[in-house]
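So that you can tell them apart, the chains are marked A, B, C, D and E in the order they are listed, and the count of residues begins at 1 in each.
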Amino acid sequence: MSDPLLELDDVYKSYGEEQVLSGVSFEMDAGDVDVVIGPSGSGKSTMLRCVNRLTEINGGAIYLNGECVTDADTDVNELRKQVGMVFQDFNLFAHLTALGNVTLGLRKVRGIDKAAAQEQGYEHLEQVGLLDQADSYPAELSGGQKQRVGIARALAMDPKLLLFDEPTSALDPELVGEVVEVMRDLAAEGITMLVVSHEMGFARSAASDIIFLDDGEIVEHGPPEQLFENPQAARTGEFLSRLETTHEGE
Amino acid sequence: MSDPLLELDDVYKSYGEEQVLSGVSFEMDAGDVDVVIGPSGSGKSTMLRCVNRLTEINGGAIYLNGECVTDADTDVNELRKQVGMVFQDFNLFAHLTALGNVTLGLRKVRGIDKAAAQEQGYEHLEQVGLLDQADSYPAELSGGQKQRVGIARALAMDPKLLLFDEPTSALDPELVGEVVEVMRDLAAEGITMLVVSHEMGFARSAASDIIFLDDGEIVEHGPPEQLFENPQAARTGEFLSRLETTHEGE
Amino acid sequence: FGGGGGGDDGTTEITAGTAPGFPPFEMKEDGELVGFDIDLLEAVVDETDYTLAGWEEFEFKSLIPALTNENIDVVAAGMTINDERDETIDFTDPYYSSNQAIVVREDGDFSPSSLSDLSGRPIGAQKGTTGESTVQSELIEPGNLDESNYNSYGNYVLAVEDLQNGNIDAVVIDEPVAQTFAAQRPVVIAFTYETGENFGFGVREGDDEFTQALNDGLSTVRDGSTYQDLTNKWFGQQ
Amino acid sequence: MGTPESTTTGRTIRARAAGLTDQPLTLLTVGAFWTWLVVRWTNDFLLDGALIERNTSFFPTAPFESAASTLGGLAASLGPVGFPVGWVAGFFEFLAASIPYLPPLATGVWATILLTLLGIALGFVIAVPLSVARVYGGGATRSVALGYTELFRGTPLLAQLFVLYFATPLTTIIRELPTVGTGFIPAQAFWVAVIAFTLNSAAYQSEYIRSALNSVPEGQLTAARSIGLSKVDGIRHVVLPQGLRYAIPGWSNELVYLIKYSSLASFITVRELFQRTDSIASETYRYTELFVLAGLLYLALVISASLLMEYVEDRVAIPGLGTTGR
Amino acid sequence: MQSDWAFVVGNLDLLLVGTGVTVALTAASILLGFLLGFPAGAVEVYGRGPLKRAVETAGVVLRGTPLLVIIILLFFGLSVSSSAFVTATIALGLRSAAYQSQIFRGALQSVDEGQLEAARAVGMGRLQAIRSVVVPQALRRSVPGFQNEFTIVLKDTSIAIVIGLGELLTVGQNLYQGGQSTAALEIFLTVSLIYFVLTFVTNRSLDYVDDHFSIPGGERA
């Protein structure tokens, strides 16, 4: 059997006194789309940040393609080229156009020359439906457009794995659709994604697995049908029902 | 028949060239809870701001309890004591504790002495379930807690009418529930509220009427059952279906 | 109240102004204002019907504005009587004649003997003094010295310091001052240039009664032994 | 200390002076000022006085003198209501009196400008690493940067000039360098002043830049690192381009300060604008006219600097970034 | 060298008197600057019409004119007072007011507009809302700018000698210009040290005050 693309093996993480992740383990194969849900403060963002080492873990190990990425001597810049990240509040480079945002990494990290980088940049902007906005600055884009630039920026580095941290929660209800659509397309193209999100529509239709994190532990992990229709743990059911009451559309 | 509590009569409002409200008319009776929905930029916030004269209208009139509030010689400070406002991004006074936020108006506007103001302040904090956080500063509160302080601050002035401008859209999905709960309680207590919100759960369960605003005009206005199950205008159905796709919980 | 000197009754108080930092004429020692000018003016005023209320210290260049603005009534600051100044203020009779000394480094190989030897050499003087005027009128204006070779300092001490550092080759200063420095520092007077310039007390234009009183006082002091005593005290031992 | 708001705090003189620069009259005056300066310098420094002899003004004084005396006479004949005419006469008198002093002052302006520009530019080169060290450096680099800043901000510039000029061998070294002190290249005192202003201004500039760097949201560097840029590259390609734009208003204040503080260089015999004014005044006793004249020249320089910075700010402006906000 | 330092030490009492003048002049000027500058800053943010324009123009003129020119004009031109200390305080105070107004303007503007709006929404009048909500927040934010301004005023007090006020730097210069000693460098270093101590102590105290009044959990102070 081939190695999983990503493997978390008993990962521990604390900030000072506070234990944030307490023995988290799971695996993802290439092409999987896993959605992480859980209450605020349960450690979802921290978990993502551990994967591309924006924070260091205190115990356990994380493997990407079978290689341990949490070794002290792993080149973090090398690792981050393979793991793209899309932020909740976009974090677009404010001084660069949409195209500039997408090409900066290509030019300064991959060392590709300007013309070639732009060509690739346009392709990725097209992929997220933003060719028209290539020359707009972040401040001139709507929230949904900003987030799509953020996705294109991550895609441009041709990562093996894309991390999304609540990519839609900073968006107006109407704009959420745009971004969810792009993510569905990426899922269909077979891109491996680990997504923190409470967009139930997306989770139901695109997720391979749902991971329910509570208080730094994985309480439940399984395909969406099972988790939503027939949650094993009481805590899962409770959390889901609380999510539903506030979003009870048809 | 008694006067309505609030009446908008053919209200026009423009910013420079741009027509934002084009002949908006509706009435609310005491105890009503009306929810305003509509696309971004349709003029929802502007309408609320006209009611307590944070902006001036260009045509028509607004009556509160039968008195015209849009006359140039109406005392705006007097008016605003009767019309409370809860902001989307909270706008808590950053240099005051939760209690300080609630009592500032009582002391400086109503001229109530400190001890009495604090007593009332505690009552209102209790009403929103925040007695424990009375001495916390805004930066020390969670989003949901901040918004509840905002509500208590408005309630403290004992207003005839409460305006809410997207009171939950700056909150995490889970925190939305807290605030919606408080609003449901207020509705049950018979407090008159005009709420801009896309929280369908709240609209369905608590609204007397839904007002659908599009491009500065009221496209449809009616009880939630009618508007949701059987929208009259094509535009309303379209807007609602777009809202649903992104929030499609059970 | 410092202003409004020269009144009608005989006991008007006057305030004198000076700019310390010009030894031995006026300087600060242990915080006290001392010097030839100080002692002399006090002696002169003693001979008149005026009384000296006190001293005000200014930068040298502020003295004339301070006088015309009535902040002070008389200037005693080693001020040379010349035509430009005479246009703005009046002077008493001269009380001291001073020539300019040209000071050079003791161990240097430059030993000029006349002003023309200074051509093409960087030289310095104190801003607003006769030394500066001499450089201007005798060297720069006739074209014997390029303007960029002349450095103007806020104070002699800095000029002499810069002479020692080698940034300039000569300093033009009043002779008594030069003697003070020659005694203390590794500098020597190369030669003196006779300007025949005279120091006078500065008074407001039109304050004729007061000027007359000072002139009378001055001649009384000169006639007695006081003037000689003061000269011995301040210039004698050098 | 040094939070985003101190960047807004920085929007001071320049932003206000910009109010003046809206007016075409201001533009015209500044244009005339610079034309005069450039022609003057070309004549004095490059053409060796070919157009007109050095130290001779381009403008004749006679017309202004006669205008002043005519108007003065008119004012006198109008009696008590003649005072506005009297003011105009006074103005012409001032012009007539000022004209002969313009040529040497123009030379002084050259030194003032050169001193300011070199001081600010070289200071900037030191200030950027200094501020980056303050914001992103480790304990040691941070303390070194802090020590530098406190030392140069906490002691008088005059004392710094004194120590560099009189107490170090700097002058001895610089005066031996070729071309120093020839033609329009000033002598050693000037270069010592440049060094002092550079060191001093670097301390102030680094504070403006530091607070601007602090106002770049943290997420920007996180995002830069998440696409694989190293910390240094992230700072260079993402944080600095934004932070420096935020810093422009505060930094412009420093430019204005430097224009005015360059007058302290006269203390070590640099012949800049203030020194020229002062030495002419001590010879002629026309203190009032000369200081007003120098004040006007400084004001013209300050307004020019404001216009320049306004232009720069416009040129590098990016929608939604920095000062175009409220 | 030895005797030069001994000379400085022997005259330390004089330098301390000069320091006293410097401190008094700085304190008086900063205070005057605050009393005029704070309202001026508020007028620039919230005022309108001729008053606002007048304040802005006065500010540009005061900031654009060298301090030396201001002080000479006030003393010799307008003769606002025969006391050099009073005149120097007015000159330094006016100019500092012009700069402080900008510090406070920036701080007032940096307080989110929503704060004012929320205050108005509870029924406070404009002035009252500014006073009870915006000003307390703005004052906390103006500390860094205020530290800069303090540093600048402290060192600019030395200009007061042109009108005959002998503060620290002048006392120091008088010492070596008296011809008694060649201790110029030693004097400059000592004077610098005194300035440095004054700046350092004041700025650290302001930091302390800032920390003390900082809003818990609020922005980096």
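We take it that contacts are C-beta pairs under 8 Å (C-beta built on N, C-alpha and C of every residue); 3 or more make two chains touch, one makes a residue touch a chain.
Quick caveat, the model's predicted, so the values are computed rather than measured.
S.K.: Can you list every chain that touches subunit B and also touches subunit C?
M.R.: Chains in contact with subunit B as well as subunit C: E.
S.K.: Give the label of the chain whose average Cα location is farthest from that of subunit A.
M.R.: Computed centres place C farthest from subunit A.
S.K.: Looking at C-D and A-D, which one has the bigger number of contacting C-beta pairs?
M.R.: Between the two chain pairs, A-D has more contacting C-beta pairs.
S.K.: In whole angstrom, how far does the Cα centroid of subunit B sit from the Cα centroid of subunit E?
M.R.: 46
S.K.: Centre to centre, by mean C-alpha position, how many angstrom separate subunit B and subunit D?
M.R.: Distance between chain centres: 53 Å.
S.K.: How big is the gap, in whole Å, between where the Cα atoms of subunit C centre and where those of subunit E centre?
M.R.: Here the centre of subunit E sits 36 Å away from the centre of subunit C.
S.K.: Return the residues of subunit D touching two or more other chains; collapse runs of consecutive numbers into ranges.
M.R.: 166, 287
S.K.: Note the residues in subunit E that touch 2 or more other chains, in rising order.
M.R.: Counting only residues that touch two or more other chains, subunit E contributes 72, 76, 184, 219.
S.K.: At which residue positions does subunit B touch at least two other chains?
M.R.: Residues of subunit B touching two or more partner chains: there are none.
S.K.: When you check every pair of chains, which ones turn out to touch?
M.R.: Chains touch in the following pairs: A-B, A-D, B-E, C-D, C-E, D-E.
S.K.: Which of the residues in subunit E end up touching subunit D in this complex?
M.R.: Contacts found on subunit E: 56, 59-60, 63-69, 72-73, 76-77, 99, 102-103, 105-107, 109-110, 113, 141-145, 147-148, 151, 155, 158, 169, 184-185, 188-189, 191-193, 195-196, 199-200, 207, 210, 219-221.
S.K.: In the complex formed with subunit B, which residues of subunit A make contact?
M.R.: Spelled out, the residues of subunit A in touch with subunit B are 39-40, 169, 172-174, 176-177, 180, 198-201, 204, 228, 242-250.
S.K.: Which bits of subunit C are touching subunit D when the two form their complex?
M.R.: 60-61, 64-65, 84-85, 87-88, 124, 127-128, 132-133, 136, 148, 151-154, 158, 161-162, 165-167
S.K.: What residues on subunit D touch subunit C, complex-wise?
M.R.: For this pair, the touching residues of subunit D are 166, 171-172, 175, 181, 187-189, 266-267, 269, 271, 275, 278-279, 281-285, 287.
S.K.: Show which residues of subunit D lie in contact with subunit E when the two form their complex.
M.R.: Result: residues 1-6, 8-13, 16-17, 19-20, 150-151, 153-159, 162-163, 166-167, 204, 207, 211, 214, 256, 260, 263, 274, 287-288, 291-292, 294-295, 298-299, 302-303, 326 of subunit D touch subunit E.
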